[in-house]
Amino acid sequence: MSKRFLNFQPKVQEVSNYFKVLFRWKGSVYKLLRREFLVFLGAYTVISLVYRLVLNAKQKETFDSICIYADDFSSLIPVSFVLGFYVSVIIHRWWDQFLAIPWPDRLVYNVAAHVDGDDESGRIFRRTMVRYVNLSTLLLFRSVSQSVKKRFPTLDHVVNGGFMTEEERKSYEEIPSQHAKYWVPCIWFINLVRLARVDGRIASAPAVKSIIDEVNRFHDQCDEIFGFDWVSVPLVYTQVVTIAVYTYFLACLFGRQYLQPDAGYQSKGRNADLYIPVFTLLQFLFYFGWLKVAEDIMDPFGEDDDDFEMNLMVDRNLQLSYLAVDDLFHSYFPLVKDLHYG
Amino acid sequence: MSKRFLNFQPKVQEVSNYFKVLFRWKGSVYKLLRREFLVFLGAYTVISLVYRLVLNAKQKETFDSICIYADDFSSLIPVSFVLGFYVSVIIHRWWDQFLAIPWPDRLVYNVAAHVDGDDESGRIFRRTMVRYVNLSTLLLFRSVSQSVKKRFPTLDHVVNGGFMTEEERKSYEEIPSQHAKYWVPCIWFINLVRLARVDGRIASAPAVKSIIDEVNRFHDQCDEIFGFDWVSVPLVYTQVVTIAVYTYFLACLFGRQYLQPDAGYQSKGRNADLYIPVFTLLQFLFYFGWLKVAEDIMDPFGEDDDDFEMNLMVDRNLQLSYLAVDDLFHSYFPLVKDLHYG
Amino acid sequence: MSKRFLNFQPKVQEVSNYFKVLFRWKGSVYKLLRREFLVFLGAYTVISLVYRLVLNAKQKETFDSICIYADDFSSLIPVSFVLGFYVSVIIHRWWDQFLAIPWPDRLVYNVAAHVDGDDESGRIFRRTMVRYVNLSTLLLFRSVSQSVKKRFPTLDHVVNGGFMTEEERKSYEEIPSQHAKYWVPCIWFINLVRLARVDGRIASAPAVKSIIDEVNRFHDQCDEIFGFDWVSVPLVYTQVVTIAVYTYFLACLFGRQYLQPDAGYQSKGRNADLYIPVFTLLQFLFYFGWLKVAEDIMDPFGEDDDDFEMNLMVDRNLQLSYLAVDDLFHSYFPLVKDLHYG
Amino acid sequence: MSKRFLNFQPKVQEVSNYFKVLFRWKGSVYKLLRREFLVFLGAYTVISLVYRLVLNAKQKETFDSICIYADDFSSLIPVSFVLGFYVSVIIHRWWDQFLAIPWPDRLVYNVAAHVDGDDESGRIFRRTMVRYVNLSTLLLFRSVSQSVKKRFPTLDHVVNGGFMTEEERKSYEEIPSQHAKYWVPCIWFINLVRLARVDGRIASAPAVKSIIDEVNRFHDQCDEIFGFDWVSVPLVYTQVVTIAVYTYFLACLFGRQYLQPDAGYQSKGRNADLYIPVFTLLQFLFYFGWLKVAEDIMDPFGEDDDDFEMNLMVDRNLQLSYLAVDDLFHSYFPLVKDLHYG
Amino acid sequence: MSKRFLNFQPKVQEVSNYFKVLFRWKGSVYKLLRREFLVFLGAYTVISLVYRLVLNAKQKETFDSICIYADDFSSLIPVSFVLGFYVSVIIHRWWDQFLAIPWPDRLVYNVAAHVDGDDESGRIFRRTMVRYVNLSTLLLFRSVSQSVKKRFPTLDHVVNGGFMTEEERKSYEEIPSQHAKYWVPCIWFINLVRLARVDGRIASAPAVKSIIDEVNRFHDQCDEIFGFDWVSVPLVYTQVVTIAVYTYFLACLFGRQYLQPDAGYQSKGRNADLYIPVFTLLQFLFYFGWLKVAEDIMDPFGEDDDDFEMNLMVDRNLQLSYLAVDDLFHSYFPLVKDLHYG
């Protein structure tokens, strides 16, 4: 989960924030690429040393022609287009996933507004209803998010976390379905709605309609999150992009070597022996970083620095639910004239 | 249907996942392109052999000039743009199709919430209602999905699958319409709603409104899926993209040949005789793979590795439907204080 | 209306479908471009013949420099970008138009669900209601679609087609408005709803709300289709794109000519005299085809191969409407236990 | 407001419509660019004449090097990308603005459906309600559209146009708010709804809900239009694009001059003295035209050829409103069997 | 907040507005880039002076080769693509944020329409309800907007601003939650709705449904704004773009230097010694300006020239709220025949 990084810069206008952005480590391109970077640099160095120290003149000539060929070829690979279009798709998908995350808030508000009862049984009734909603999200998150799965590896943990009673768990496990079952608590919730209507806890038919419509809306979002998990971006597309980037840097490993001055590079302005290929390394950071953007946000429910903080959501949702339908249920204040009353 | 491929990599940070992605076979670019790849490689080899072994000096010179012309020309074809824009369109369409798939869940929830009756006739009533919904999707899927059509080639199979009774089937077949008829069970469903309201199974007018609104929503999605099937991306666009890619590799067949050193390629760094045109083959994988992305997801209801698993959906939907409106209809648990109750 | 072309290929994996796509004629780029192609080829030939047969050495030299200039210039025109961005806009608009097409289905379902009455007057009442909906779409389609206009050139044809009575037509024509009047039958429909509520044919206030909400939704889509017709893509944009493509091929007419070997083209690899400029012709197909994509789908309600089949829709809508509110209104089946009942 | 220009071409297939599109004047790129074009051509001519007639050999040499530098530089400016991305943003915004225009139709339909009363007071009541809706749009349009502002420069004109009574106007002007007040008639409308419910003109609570929901929807669209007017595309973006285009043609003024044959241009094929830089002028039309697309549609509520015809909308809306809630309120026709009744 | 800048140009057609746009200062690229520009110019000058005055012939040669290498390399960095795709993402996000801003208008309208009571207690009741809505937005804005936070640094300021009573504030602070609490006044609002229904101030169940649905809608938008604040664009993406731009201009610092005539630049047309690198500076403005577009709108709730004017919204919302539910609650006008009544 990326915190707003701009906020950490107190004086916005002094220097470009984007300049400071270059020096952050957590969730940064440097941290993500440190291994790949070393591998590339190592390979480049080995090739360079072999060329300079091992090869004889004849071999150098052959090597020269290979390098020039590789350099020529690398300009034919449209890495920037491929990455541009691909990352566009992935980043849209990433944000759509964030928007699709089911929040219990709307259902909680409906329960607070429509399910009456000030006594203990009323309180328990409302609390049970919102608990089912939270249980449903938790069961869903367990199946799509590595971090939630790690925190709640078994249903025991779910029961111990207060999301489920033993009895409910038993009933849940007995349902004979090989498909995902995160929707079951929604049915339990609906059963409670029917019960509440019969008992008169819910006062009117439109209120029932409101609640059921919200359940459907909530369930839709659960299904959408599940759909994102079920159907990923076609493997072919990812392979195509990866092949392009790797091919490009394979070509660069040779094409960006410093060659002996008479190798035919002069026309391209390469007779400066920099020893360290500064610009090529920057280019590596840049293109591989772009690919990393895609890889990083492809599965935003994981444990990377930039992933959504699902466990925080689980806690926040449960707390808000209980507060809204129970603790704050009686928060009335004396009606007084406001400041602008006239 | 592409399973989440990232999940199979236990230790995410060790090596780039995208590197491992390169070595998967199922649904991969290699599997999809193996035939085209061999054809291209064969043609390249034949041309190369003819040049090296058959042609005389004069002919070689003519051939050289053709190759240089072809190479020059190939740089004028903006394959990457065309593919970039085209694949953007197709991939949006692909995901829109996924989102448009009609799930019975919302209607099922409405039936569970609003259609009363604990006795056998109540159970049968609800089961029949959700069966009609599932029947409607099945009839739709049969007309757009090859895999579902293969599993349910005739209405006999639909009847045997438990989606339809013989009587319903007869009535269905008698409807005099040359257009698609997957919407007919929706009408049967509406008739049941009217009946249930008269019989008092549905308690209130807002409940009826809820259910009918959901039928409309459900029907809209059916129509949208049908629309995707009916109106495909304009043929011209697909032809244009295909012509671009094929023209490019036709030019490459000649332009990427190794020519005799004095043919005029030196300025472009092509005097390395690699025998196997490694980079050109990688480029082939890359560009044709990009085109394959589009072809692969153009019709996502088929039987490819990456297509949506429609038959799985058919099973899951029916199971969930019956569970929700019948088996779980009486899942009440004793209301107890939860862990955080205070 | 492009039929699904992929379906005609029985064995998907054998050869790339996209290869076969190249050889289709109906709705193809070849059919669309046959005239422009011949004009371009003719002009190219004439220029070539003049150069080879008519001009003297001095004139040839001048001509050479013009050609080289034209060739140099043609590389400065970013046809692929312009077309890429432009076609993106047009193709989105095209699909948005498809999605905006008003289908009567939702209103028909509402009428079937909420307007009671089993006797003849009830049947006529419902049939009249859905007839008005179909009339409204027909009047709209007549004003935006060439093919529908051709089938129903006057209101006489509309009356004869059974969409309107003589009396209604007279009343319709008397409405004093110079603006589009396709919305009038919606008002007639609303009047019937009010009448039905008073007569008790519609049982409840929520049902009325449902129907009126659907009328509004339906009317919105009519307005959207009308808006697409009223406000087209700014002419300037279309002109800009067209100027780019025509300028490019004007430059190609000269820049792609075969010049005498010493004209200075050697550095660009053009000393192969192909007589027929194969690659340039392919490029013509390709770029002009791309432009044709836009032209083809700019007005999708016409009579081109790829346009929406509006007349088919008109027929289908009327048939479905009458089936749903009348013929199938009494389709009840005995409630029986289904296959999975247990 | 661009009329459908394709319709003016009677025989679609004979020649490409897009070819004819090149020769339209109204709303065309030529009309929009005539001033800029002349300025550019003039400057080019002056520079050319100075070079040919004024400069001596030494000065010509310096000038040559500047020109070659400018030409070289011009290829570094990615005008096409910048314009492509920028115009994409603007054209989306343009169409979103069209979609956001508030039409009174839905509210009018609701009034027609739900507000009863056949006598004069009923007629006036409904007419007043829809008048308020039209008044609200008019007040909004006055603040965002130059053409509407010109037609209704003061509230006197609004009163005289029949949208407002003197009394309402007085009350409106007395509201102490420095912010936009176009929403006030919506409140008046709501007050009438409350009154109508008390008086029994509106028969049911769901009908009230329907109407109020529509008011909110209507108001949302008003706010959206106001938001588009309030928050424009960031100035920086527009400046960046403009700088790019102007810099490019500044470079072209020099870089596209015909230089003396030995100036070093030969390698780029520029030793043809065309006197009139045909291709550069076409390029000017093309790039500046692209920029003009953005400028033209940036503020679509103005008086340009391509802008939305807001005054037409104002008239159409008022007419439709009165027709729907008054004149057509009693349009009933005898219910007869339709053509397909059987 | 960018005011409509086009409106300040009285005579639109005389000269291109976009030309005038170049000379605005407030919110301009010049103002935003003045520091970076001076840094770049200074560095360029220092390097140039060192080259011309300090280096000896041998060192100049080495320097030459480094510059040519840098120049060659700079053409390999696809700054325009990267920026194009990145700014597309950011600008969409920017506008989505504007659309997500929660306006109280819909809730205010619902309160005005559905909550009865003409006496003082009725007035206070409605005023309190809308005050809670405004309080909720204010609490949200305080957590996401620097400018609102600056105006209301503590809850004391919120109380003094009339948004909250002391009692409410105390209760608010006592809620034991470490998460954001801007939603609490929504619960208070819901409590009042329940109370109003019991007291008969709200007349019907559908009215309650309407209001609660709007609360949910309102709350959704609050959550969305909070989500935009919580989850920013992945840091990696921003770093990648920033690296690309900075690398490019690092390369330009050397690659765009004027070198001694025999350094090998002639082929690229660089033997004009301009002293001031006019075009490179324009390019700097252009590319860095593009990056600034992104930086400028990344956090649109700040205090930049182009940011949304949140404090203005806070004032406007409160004023509109009180006007709509109190001052204008009794704005009835005598019903009179309008101008077109006939």
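A, B, C, D and E are the chain letters, set down in written order, and residue numbers restart from 1 in every chain.
Here, contacts are C-beta pairs under 8 Å (C-beta built on N, C-alpha and C of every residue); 3 or more make two chains touch, one makes a residue touch a chain.
Predicted model only: the values in this text are computed from it and were never measured.
Asks: What's the overlap between the neighbours of chain B and those of chain C?
Replies: Shared contacts of chain B and chain C: no chain.
Asks: Counting residue numbers used by both copies over all numbers at the interface, does the chain A-chain B contact come out same (over half shared) or different (under half)?
Replies: different
Asks: Between chain D and chain E, what's the gap in Å when you average each chain's C-alpha atoms?
Replies: About 24 Å, centre to centre.
Asks: Using mean CA coordinates as chain centres, what's the chain C-chain E distance in Å?
Replies: It comes to 38 Å between the two C-alpha centres.
Asks: Residues of chain D that touch two or more other chains: which are they?
Replies: Residue numbers touching two or more other chains: 81, 84, 88, 205-206, 209, 267, 292.
Asks: Write down the ring's chain sequence, where chain A leads and chain E follows directly.
Replies: A, E, D, C, B
Asks: Considering the complex alone, what residue numbers of chain E touch chain A?
Replies: 35-36, 62, 65-66, 68-73, 76-78, 81-82, 84-85, 88-89, 93, 121, 123-125, 127-128, 131, 161-162, 165, 167-168, 171, 175, 177, 179, 183-184, 186-188, 190-195, 197, 205-206, 208-209, 212-213, 215-216, 219-220, 223-224, 227, 229-240, 242-244, 246-247, 251, 264, 267, 291-292, 295, 298-299, 302, 304, 318, 322
Asks: If you look only at chain C, which of its residues touch chain B in the complex?
Replies: 1-7, 12-19, 21-22, 24, 26-29, 32, 75, 80-81, 84-85, 87-88, 91, 94-95, 98-99, 103, 105-106, 109-110, 112-114, 116, 203-207, 209-210, 214, 266-272, 274, 279, 282-283, 285-286, 289-290, 292-293, 296-297, 305-306, 308, 316, 319-320, 323-324, 327-341
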